[in-house]
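In what comes next, subunit A is part of two complexes: it sits with subunit B in the first one and with subunit C in the second one.
Presenting the complex of A and B:
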């Protein structure tokens, strides 16, 4: 089948061509850049070619022929899984690959080590598409790890800056916690079904061959994997640190790859378990509410932190944390509204795409601003409205979309999320809806704040000192395309629903006439006004409160103490290991170099004498210990072999 | 079962080594201990499968390649900072007065 070929090629081509990037880069740098753009365009084209077959299908996965991967073990194969969910992600990633490849030509101009950069970008894109198209858990896990590796390498791209190395390592370690959980889930699934392919697992579930306790454990472990990868509470702090990355990487990471992997995993998992109503019923009382609560609380925490950070990329990072919280809360409501997978599931994926458009747009524009004035601190910006008019207009569209004002994309997607959470109809569900409304209001406030500080406020000395110029065309055109999509995407809702084969309760007009729309818009007024007067008109009220020492501002300035908590844990671990070392030193005091001098120190010419004189005794001891150990092993062998 | 206990003991020793040592080479040896413990478990659990034994060769060769890369990195790091003590290296990194990489 032709779709199967394109589904293979769409991730194999970026992965293979990434190998050629350094070779071409050696020959000619310009050709290398165009090569990357061409590969990205090809990827996007191949991704789009998957759409018709899926659209005309019945919403199930197309039949494909997995290749036996490890001959001899049944249940482990390699293949592609083509269904609306995976194709939606593939198209989004392919499109963003093209956008970022073009944008990078302008943004990364004149940087060192660009061959490495482009190599990693292509590898990143290839592995993310491989992740969403994989037809079994093992293949997905391999790409899951590759995505983590690429994001680590790209975040610490400027490896000479200590902060970016630190950020890269932090990302790697924190996401690793989720990887372990996912690996455990995969192990449990293999134990139950003797296969790792999605089809096999679905067939196994339908046949009833599962253990409910195991299934619950799998659900929570999968959730753990998604939490770490998608930067949800309590593992969200890595996303803010990841802002040390080049802005083009941040845009890719937030819009299409990495953080969206967690959303994909949960959406896929819910789709798989939805074939057995028994599992859904068993998970209803605690798993789904936990997902919603994590999403709702993350949305609130992210939005309130975005309100306080002074880093323009930090605002966007926390905004992503908050928006993915929205998606998670809708996923938690997926089973409660109507049928098995209902509007909540669709709302989350629909919002995933609109978030990709407005967040990607925000990052591309922030990149242009950082490029022009050389700082990420919003307090040093101001007056950019006159200096960067095109960026100003595009950022205006981004602000309107992010805050969910009609008729742009997020109005429909966010509205759908809130509607689906409203459908939970329990007391907890009511609290969740109220928090979500509050978060939406906060979203508007941080958007207005960022906009005022960067564009409306009077020019600062920092701006006056330098000649600020508008971003080059090669950076503005991708941004303009994204802005266009921000406007159009909301109106495409019925099309997307028919592509995903989901029946929506209300159409586009219904979303406008909904009772929730006026409530939502009314809620935006007070927060918007406060932000407007504080940051645009320069009223001191809120700033004075924020400046004083009160519990709320302390909490916000410390990002709710999550990093401090992790710092305490690692410090405790360090103390523990130091204590162990001390105990060891006392116990093995006979060997003076047991934990003392390092090998390279001992090998330095000046210290060679100490090596000769001091530890010669210990050297003799080592030899003696080795001989004794050898004799003991021989004795043990003799005893156990029964000679 | 004995081998599982052996693997667990090796794992524990490896973790102990990671906790108490700050020399890069000793840390590396501890890591290798942990990896070997895992491999040992694979051997044991796949002992009734010829395929498991065959895949083990793959695991061993990957492990060897990894060790080569790690050792090369260790040599570069200890040359660059003049010490192989992790604590001292981290301190030197934080002071930001890093010497340029020796590209020999």
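Presenting the complex of A and C:
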């Protein structure tokens, strides 16, 4: 089958091509850059070629033939899983790969180590597409970890900067915490179904071969994996740290694709369990509300933090956290609206794509600004409206879309999310909807704040000193394409719904006629006015938001103390380990660890100093230690086994 | 009688020891190539038995040996597990000898060094190659002698002290092993593993539990699990890098192999299910403590090789935990084919011995290369080496990531199988729920120390550690003084690192070769 063939190639080609990047880069850097663009274009083309078959299908996965991979006991095959969900993601990733490949030519110009950069970008593209197209849990998990690896390496791209290294390590370790939850879920699934392939699991669920308690555990563990990967409460702080990466990387990994892996995972999981209504019923009282609550609270927390940070990429990072919170809340509402895969499921994915467009656009423009003025601090910006007119217009489109104002993309997608959460007809559901409205208003506020600080405020000294230039065309054109998509994506709603094989209750016009729309718009007016007057009329005020000493701003400055908590735990562990090391060294007469000796000082054995104490002196100590160790082991065995 | 392939695997390195020495007198390089060539020939010989193993499950040769005393013939025996571990040992031996060319350059008595390396390869491969208990013990001790001299004579700092520790501890462990083997012979009258096992099944006295304990405790010392780990950090960090790679890569894992082969293969089916279960539980506890202990100490160690040595302890914890997932059904005398679903964890454990050997060998050799080029061993004084030593940076990063269990590198797939197996066993034995959860958490720590290693050594140094500021100053001075000097590792080192890099990636992506081999093995009571 031709689709299966392209579904393999679409991730194998970038993975294999990545190996050639350093080789080509050695000879000619220009050819290397074009090579990467060509591979990205090919990937995007292959991704698109999957669309017709899926669209004309019945919404279920196409039949494919997996190939043997890990033989014997586990019987794991490698294969591709082609259904609307995976193809939607594939197309998005392929498209963004092309956008970023072109953008990088301008943005990364003149950097050192570009072969490494492009190698990792291609490796990431291949892995990310491999993740969404994998037809079994192991293959998915491997790519899941590999995108984390690429993220680590790309965040630490400027490997001489201590902040980059620190951020890379933090991101990798925080996401690993979620990975072990996912690994445990995979273990439980294998335990129940004796297979890891999605088809096998679906067949197993349909045959009723599952244990409900395990299934609930799996659901929560999967959620844990998604929380860490998609930067949700309480593991959301890594996304802000990830902003140490080059901006092109932030756009690709930390706005458009990698950070959505958690959304993909949950969407896939809900799709899989939806074949058994019994599981949905069992998960209804706990799991789905937890998903919604996490999403709703993360949306609120992210938006409030975006309101105070002074880092322009920080605003976009927290905005991403907040928007993914919206998606999560919709996923939590996926099963409440009566049907199993309801509007919530679709709303989440639809918003996922519109978010990729507007947040990606934001990052591309922010990259241009950072490129031009050499700082990420918004307090040093201002007056860019005149200096960077194209960026100004595009950023205008970006903030309108982000705020969810009609008629751009997010108006429809965010509206659909709020509609689907409204479908939860409980008291908690009402509270969730209210919080989401509040968050939507906050979204508008932080957008206006960013916009006014960067573009509308009077020029700062920093700007005056610099020769600020508009971003080059190679960076503006990709941004302009994204801006165009922000405008039209909303109107594509019926098409996307038909592609995903989802029946929507309302059409495009319905979105305007909803009771939500007027409330939504009414909410925007006061927030916008407040934001305008605080930020635009009194720019000192904005700098004071972070500077004031009231409890709320302290909380916001410390990102609700999550990082402080993690820092305390890390420090405690380090202290503990150091104590253990000291005990070890004293007990076993070890030289203090390294102790600053260099090799040359102590390389020559047989010197008088090195054998001060002859073997016979230490003989007794060692024998004693060995005997004590033995006794400990044997005592342990006796205690536990009761010989 | 077919060709004496396995006998040749023994004989070729044995006969070559004096030749290697003579060659080394003329030119150390020639001796290194000699040892490497022997390893290559042995790899080819072991590979030639693989078709037979895949189709029949094993490959054996029998010879008469000391006939008057023990009235038995000794059997050279390879099955899927021992063949795959022997192969990776030989690969490491090959790589270590090539690496030594640059690494040991300019050291004294290199002829003896290579002769000892050759001698080590006899013992190292011999352990995996026999089903005869006496020959096994002989090889077990034979590993120790060259290891002692190599660590002592060519090691760093108080090398003989570390070597002495290594010797005393492992030898003390070997005494217990000898006791266990003696008891088996005394109880059954056989020195062949399989005959002894069949005999034990028919009549097992109560003391057999103690035999199991003695054997396992003895092997545990070789594995350096907590609390008999004390010798490892010194010996592995003071040894020359090629020897560290061999020690951490395969020699300590030989302990795990021996537990699987002797403790579980011979004695375990005779102990009964109640004791068997409890025994396995205690191994799981030892494994968890070891994994956490090693990871935590690795997290704060400042000596480049001690970071890796503690990580070896942690990984022995994983392997011990994996061993504890041994199918308890065996303890009733049932036979268990490793290819069945209940033994996924054991397949994973054996695979982990292999993947850990490749990754840890790569890790130690890279660290050795870094030490060789920078003449430093304190990681606080390093940093930013990625720019000066890009090749080592890539190989070190791959090694560290593999050790941390990140796909697509080798250790991931084996750890994954251990965990999947652990979940399988949870279904029948709820004891394993907490241990498995803890082991999963331990992987976060292994990621932490691996990333710390990469950050401190290859990337720009971070400043949040006590004492780092001072080290930073030293680094700046050091770099100023040495900047023109620090270059990437020389070509033979590069070649040996490259071999292991390819291996680590290859096994990670496509583990089928080793998995097919391992899965041919059947444990338990031979039928008929």
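Convention: the second predicted complex is superposed on the first by the 562 of 643 C-alpha atoms of A that agree within 3 Å, B and C clash if a C-alpha of one lies under 4 Å from a C-alpha of the other, contacts with A are read in each partner's own complex, and residues count from 1 in each chain.
FYI, a residue touches a chain if its C-beta (ideal position, glycine included) is under 8 Å from a C-beta of that chain, and two chains touch if they have at least 3 such contacts.
The shown structure was predicted, so the numbers you read here are calculated from the model rather than taken from an experiment.
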Could you look at A:286 and tell me whether it touches subunit B, subunit C, both or neither (first, second, both, neither)? neither
In the superposed arrangement, which partner chain does A:5 touch: subunit B (first), subunit C (second), both, or neither? neither
Of subunit C and subunit B, partner touching more subunit A residues: C
On the A-aligned overlay, A:561 touches which partner chain: subunit B = first, subunit C = second, or both, or neither? neither
List the residues of subunit A that touch subunit B in one complex and subunit C in the other. 70, 72-73, 160, 162, 165, 576-577, 580-581, 584, 598-600
Which residues of subunit C touch subunit A once you look at their complex with the stated criterion? 152-161, 164-165, 168-169, 172-173, 176, 209-210, 213, 216-217, 220-221, 227-228, 230-231, 233-234, 275, 278-279, 281-282, 285-286, 293, 296-297, 299-304, 306, 338-341, 343-344, 347, 371, 375-381, 384, 386-387, 401, 406-408, 412-413, 416-417, 419-420, 422-424, 426-427, 436-437, 440-441, 443-444, 447-448, 451-452, 455, 458-464, 510-512, 515-516, 519
Along subunit A, where are the residues that touch subunit B in the complex? 70, 72-73, 160, 162, 165, 576-577, 580-581, 584, 595, 598-601, 604
Residue numbers of subunit A touching subunit C in their complex, please. 68-74, 138, 141-142, 145-146, 148-149, 152, 156, 159-162, 165-166, 168-169, 172-173, 176-177, 180, 183-184, 186-188, 190-191, 194, 573-574, 576-578, 580-581, 584, 587-588, 590-591, 593-594, 596-600, 602-603, 605, 610-611, 613, 615, 618-619, 622-623, 625-630, 632-634, 636-637, 639-643
For subunit B, which residues are in contact with subunit A within the complex? 16, 19-23, 25, 49-51, 55, 78-79, 82-85, 93-94, 96, 98
